[in-house]
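Per-chain numbering from 1; labels A, B, C and D assigned in written order.
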Amino acid sequence: MNDHPSGEEVNRVDCLGTAGVPSPLRLAPKYREGMPSFVSDKTRILLNIELRSDEEFGRGESFEKAGPRAELYFQPAQTKAAIVTCGGLCPGLNNVIRSAFLELYHNYGVQQIWGIRYGYAGLDPRNGFPPVRLTEELVDAIHNDGGTLLGSSRGRVDPAIMVDFLAQEKFDIVLTVGGDGTTRGALALAEEIQRRQLKIAVVGVPKTIDNDIPYVDPSFGFATAVARARDILDSAHAEAKGAPYGIGLVKLMGREAGFIAACATLASQQVNFCLVPEQRLVLEGDRGFLEVLRRRMLDRKHAVIALAEGAGQELFGETPKEVDASGNVKLHDIGALLRTRIVEYMAERGPKVNLKYIEPSYYIRSVPANATDALLCDSFARHAVHAAMAGKTAVIIGYWNNKFVHVPMRTVVGQKRRLHLHSDLWRSVLATTGQPSTFGPLG
Amino acid sequence: MNDHPSGEEVNRVDCLGTAGVPSPLRLAPKYREGMPSFVSDKTRILLNIELRSDEEFGRGESFEKAGPRAELYFQPAQTKAAIVTCGGLCPGLNNVIRSAFLELYHNYGVQQIWGIRYGYAGLDPRNGFPPVRLTEELVDAIHNDGGTLLGSSRGRVDPAIMVDFLAQEKFDIVLTVGGDGTTRGALALAEEIQRRQLKIAVVGVPKTIDNDIPYVDPSFGFATAVARARDILDSAHAEAKGAPYGIGLVKLMGREAGFIAACATLASQQVNFCLVPEQRLVLEGDRGFLEVLRRRMLDRKHAVIALAEGAGQELFGETPKEVDASGNVKLHDIGALLRTRIVEYMAERGPKVNLKYIEPSYYIRSVPANATDALLCDSFARHAVHAAMAGKTAVIIGYWNNKFVHVPMRTVVGQKRRLHLHSDLWRSVLATTGQPSTFGPLG
Amino acid sequence: MNDHPSGEEVNRVDCLGTAGVPSPLRLAPKYREGMPSFVSDKTRILLNIELRSDEEFGRGESFEKAGPRAELYFQPAQTKAAIVTCGGLCPGLNNVIRSAFLELYHNYGVQQIWGIRYGYAGLDPRNGFPPVRLTEELVDAIHNDGGTLLGSSRGRVDPAIMVDFLAQEKFDIVLTVGGDGTTRGALALAEEIQRRQLKIAVVGVPKTIDNDIPYVDPSFGFATAVARARDILDSAHAEAKGAPYGIGLVKLMGREAGFIAACATLASQQVNFCLVPEQRLVLEGDRGFLEVLRRRMLDRKHAVIALAEGAGQELFGETPKEVDASGNVKLHDIGALLRTRIVEYMAERGPKVNLKYIEPSYYIRSVPANATDALLCDSFARHAVHAAMAGKTAVIIGYWNNKFVHVPMRTVVGQKRRLHLHSDLWRSVLATTGQPSTFGPLG
Amino acid sequence: MNDHPSGEEVNRVDCLGTAGVPSPLRLAPKYREGMPSFVSDKTRILLNIELRSDEEFGRGESFEKAGPRAELYFQPAQTKAAIVTCGGLCPGLNNVIRSAFLELYHNYGVQQIWGIRYGYAGLDPRNGFPPVRLTEELVDAIHNDGGTLLGSSRGRVDPAIMVDFLAQEKFDIVLTVGGDGTTRGALALAEEIQRRQLKIAVVGVPKTIDNDIPYVDPSFGFATAVARARDILDSAHAEAKGAPYGIGLVKLMGREAGFIAACATLASQQVNFCLVPEQRLVLEGDRGFLEVLRRRMLDRKHAVIALAEGAGQELFGETPKEVDASGNVKLHDIGALLRTRIVEYMAERGPKVNLKYIEPSYYIRSVPANATDALLCDSFARHAVHAAMAGKTAVIIGYWNNKFVHVPMRTVVGQKRRLHLHSDLWRSVLATTGQPSTFGPLG
């Protein structure tokens, strides 16, 4: 199956004919805000996305393919490598640490491999968290544990201090595992290294439980998070059906992208409303969320709501200004707002509801990686090692259209991948939940 | 993030320079049979793989994108649809049945939806398995169960008989869920329908626990199978370490493709030898598998072997001729052979081993879909419905480079997707297991 | 093994002798409040606890053994039975409903079996929740789901109204599934029935996720709750180790009895402090909880705390007076108090901690029963049916010393089983956590 | 709830009266071989089974209660202890090793704690498996793994050799973890020690995945085994329903006792026939198993059979004579026999069946302990340490009527606890499966 079939054969799709029956699906004929649209027969997907020679360039944008290079920049026997995990927990951190260690140690023969404690904080010696030497014994079984062997932290450290430390300790390679804030820090680090004309490679393994880093889809930990979130949505369903007029309201991760809420909704199939940051949330009015929910309660006596934490921020008026240590804007608490408004609204107009509010984030993000993620972590980690050994720097390992690639850090810093409201995924969410494609007055 | 960044920014990957250190990884400098090769910096992966207008054609082969069409071929209110599941069990069959039903019923408004019992056998009235009318109550909770609500069977039925039945019962749509044998049957069915100039759409949802159908990657059920196989490899590891000179030998699915064995090996990280059909298996000789295993036993006192059922068929001399009801060639029993030869070989030369042989196929394939597969099943099923309602026929739903597409049945019938020995996946397997990249005398 | 061995053989335990070395374990020589005590060689456990004839009576208190009787009170073919589930969710409710139905229907041949909706509320026709007829189809797969098919509610209904309804609908048997409040209601119901000289049997299946009903140990759902709580404690451990000076504080069920917190602590082995209602909680002072925790944080840099919701109520001064619909006193929020005080205390004296607060009750109690509980539910339900068919009334099914027994409702109403601080269980908790046997100044 | 209520209150069970309706349950009026019998109202269960003073003796047989003693035989600081795991794998072995280590090390202050490798084989220095020093680091996370850190083996070693080794290495305490063969070895060891007037305590933690050791109920690992077996029975159910006339035949553990098969049957609720060693299996004849199965197949089109490996041995004529290394008689392969006979019988008389044969023992026994077993393991291990430190020897830790006790090894060696056919458990199995209480011609 190495050779793809010829175009003629593939292009011709049999069709009984065109009766021109208008589809009853509630989709937009063209793209419209918040509504999935129909697909044309003329939209096509390329079979082969890998280009092997220079001549083929110009066909479109492309990434450098990741993988082991025949020639390296570093002499393995003299190389000293560091691994650092940053930001919030995510399933698979220990798998990444372990596979990076094993690739460096067993396959390349690197002897000096160190773990930086508690994120970037461990690169500032004033914090008193000295690096730990990684060994086969130490990493042997860690992939069965959630969390991170090394500890993590949020917050930035002055690149100058980090470079001082790395130079003094004679590190050649730094593998960072983290999200947007971490990549921003890694890029600053790489730039400071470049400024000093040092030869230290900085390669990032992208980590985002929200699955919102560009050119990384899926990110590791996401499948595990969705699986766990599904279990909790099923629990919420049991709670909702277990009491008269029961509502299960589950606040899930998803600051700027609703992928966890959307995918867990599809996996569970028990959710009636999936609320994501990408879609405007209108609570009041005859077609507002509250009234739509009320009608469902009267009709079906129970409801399950999957709520991404970043949904409905526009309801709070002005944008929140405060930021946390990772540089993330502190979100308004949409869970608390919704919980209160639902109970009030139903108390006023009936029926009186039994609302159970569930906020399981810690329990979702701290579990061991499932098999799907274990596999993914292994690949991300080994590709990061390949890149670093070849001297690549200021790149993260991307995963795009099923291929691992080198993505320059500057391409993704400050960018977020978001759920398209006209994507297959969102279309399926609407179909599964039966929720309206927009809340509030029709455009 | 809708607009991809410009080529200049993406193309430039920072690199510390080219020291030209030869890599210690045991890979082939160019493609060579059975050896993963190094990646060149010039190999690139396209960012955008979707083409939206005719003009763009000619850039390479492409598939028609799947999804709901604005105009349908069938009038939903008058449409009568059938769903049939064929071949061996696979996690997610019930999810596919349920989502196809829900899409037809709730979204399109199709009222007449029937389940065919026991595969194609249920399309031959002489077998006495009349179709069952699907309802919301019937499918409500089936996605939590393994197996298939409808039952399944192997074996072909004369297309003429099936078309007689479909025509007599006035079916408009047949959704088949099955593997290569099923697609072959579905294509024959579609061709017979065409011959009679009937207007019945035949659309396939590809089912292969081996993940070996072209242009379908991953197939539904595969993630669940890998997860379950990982658990069993971990059990085998406990058994192997639990006895002096213990060996855990696990025979997994994988008739022609070793994806389950390879991916479960990566997910488990406890496997020492992964044997797949794509790689020639040499047992005897100083670099043969048995001697390599023996040296490990002396060194580490235990070993875990993940064996795909289709591995080592060349050891049996002539190709097996017998076929089963699905048209699959009956494989020689490599598990029994290996089990015997390992025990004999070690008894002769030492050490005497404690071999535990595990053959868990039924237990892997009959479990409910995990969250990852639940999602995938939902998409496959809904896209099959979209295709059928639009009048597409003789197509299966493909999933290629993260996109759902229409793949003509004739493109894939008789084809298998196989694991490339120079792929990232196999390279990671070699790195994780530490096994040699080939057994037997060096080429 | 039917006949127990003779006393002589069993009594003689070989011992190397008595060196009289004082034990270093931190236990009390005799019973003292809050301290487990040593066991004497003279304390003995009876082998046989079943008495088969009248003569043997007088040896101690005993319960009537549960089980099927040869003669029944009700004619199965004419019997009409109701099942009602009350109070909060608990794993296994659906298993109880299903097994009670199957025992009544298949084994006794009772045809009229009805499910009461939403607890006792469904026995008051004014609420508009009519009973649902139970069938094989309806209950077929419910044991795989959490929650309760019938719905539940808290709160009492006037016994007179319930008896009116039962008499009018000609019910012969009412099986109640619920906790102390439910048993209180069931006893009132049975007494009202007796007052009217009706022949309706009321039999209770005890339900308590806290495992605190006398003569019921373990109660169904408890093993599942402990298993889930263990998972969450493991998550809290990952969170605690994942940040500098991390603390995982998990608030578990346990209003008056700390069994879930204690057993989950033992199952997890990752907990450093287990706080239960049975033990006085002293926060302040040099031997108070906060200072003991602080010393651990300085020493080990992380801590996990399993907190039963009923712990430390004495810290709030006067007893709470408010009661919920089930008649349970509304507890003060010890979780919120502890969370605040820990952060404050550490901020004052150092180190500054990263506290993650987890409150997982809804997703502990709403999951399907695990295998251990599935078995237990089956037995409780069938014994309840046996008792009711024999005309027993105002009893619950007890499970004491591994035997199912009939426990009069009046014996247990208003009583709670509590964790003994000098029990094996608590001793093991102290040994596992390493926490002091008391907080605060030494007596 | 410390004080039990008075007898009067407890004794009086309300009953509507005695209508004398004969029960339709198919039970024996009195005990009859192979049939559960009815329970009399006069059978009673003692509330209190613990005797605290000498005076109370004579009430019946009793065991010495386990637990920490105030005075020890060994000086902890000078004590050297060994732990050895023997026989087949069982969930929880690592938990036992870990908790025994932690109790010895942290609570008693024993410094010298060693693990014996590969069972008794590690006590014979000629085998070349020297003991491994146990440390906190080594045991830290082992409770999350199946198998045993120390390895295990079957087979006996000359007690004289073992005592030579123990004496030479100056061990004071040996904790054995194993089944009947292990206890037999441990008793021989203790007797040889006594003969030489050495002061070495030998204490056993009973291990039996079959749950068949007298006075140990449940044994550790059993709950996990039942849970896993349930999953596999559910898989078999999916397989059975997935094909026309499908049969899922699962061979489970249970050499002499059918507890796993019976309990997994109850937990699964999907089993139609549960075949155990305690009940005679008659295959042929109009009321034989084959014909009963055939009638079910015609009626319901599928069946699931849970088969204990020790069932139906009488079908093979003479008793098997060969024994394995553990001294267990090698069983005839009832699974193979049944599989063949079922297919033959149905082929002859119809319907032709699709039989799936599953033999999952290795992946039932090698998994990590679930929460229920984790708890149990912790208690068994700590009680074994308490007993040994107090100088008890030639005892195993029993668990009887919910209490941990000291059971002299000579009381249990060569004895097996078996499932009573007139127990609650078997009665529930018959009720759940609907299978006849006996196969073959009526007595």
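FYI, a residue touches a chain if its C-beta (ideal position, glycine included) is under 8 Å from a C-beta of that chain, and two chains touch if they have at least 3 such contacts.
All figures in this text were calculated on a predicted structure; none of them were measured in a lab.
Across the two candidate interfaces, B-C and A-C, the one carrying more C-beta contacts is A-C. Among the other chains, the CA centroid farthest from that of chain C is the one of B. The mean-CA centres of chain A and chain B are about 26 angstrom from one another, to the nearest whole unit.
Once the centre of each chain is set as its mean CA position, chain B and chain C turn out to be 46 Å apart.
Put simply, the C-alpha centre of chain A and that of chain C have 40 angstrom between them. The residues of chain B that reach two or more other chains are 145, listed in rising order.
Contacts from chain A toward chain B in the complex involve residues 1-2, 4-7, 9-25, 27, 29, 38-54, 57, 59-76, 98-99, 102-103, 106-109, 143, 190, 194, 199, 201, 214-215, 217, 223, 226-227, 230, 263-264, 266-269, 370-372, 374-375, 378-379, 382-383, 386, 389-395, 400-408, 410-411, 415-418, 420, 424, 427-428, 431-432, 434. Residues 89, 118, 121, 127, 129, 145-148, 151-153, 231-232, 234-239, 241-244, 246, 248, 356, 358-360, 362-363, 366-367 of chain B are the ones that touch chain D when the two sit in their complex. Interface of chain B with chain C (complex): residues 141, 144-145.
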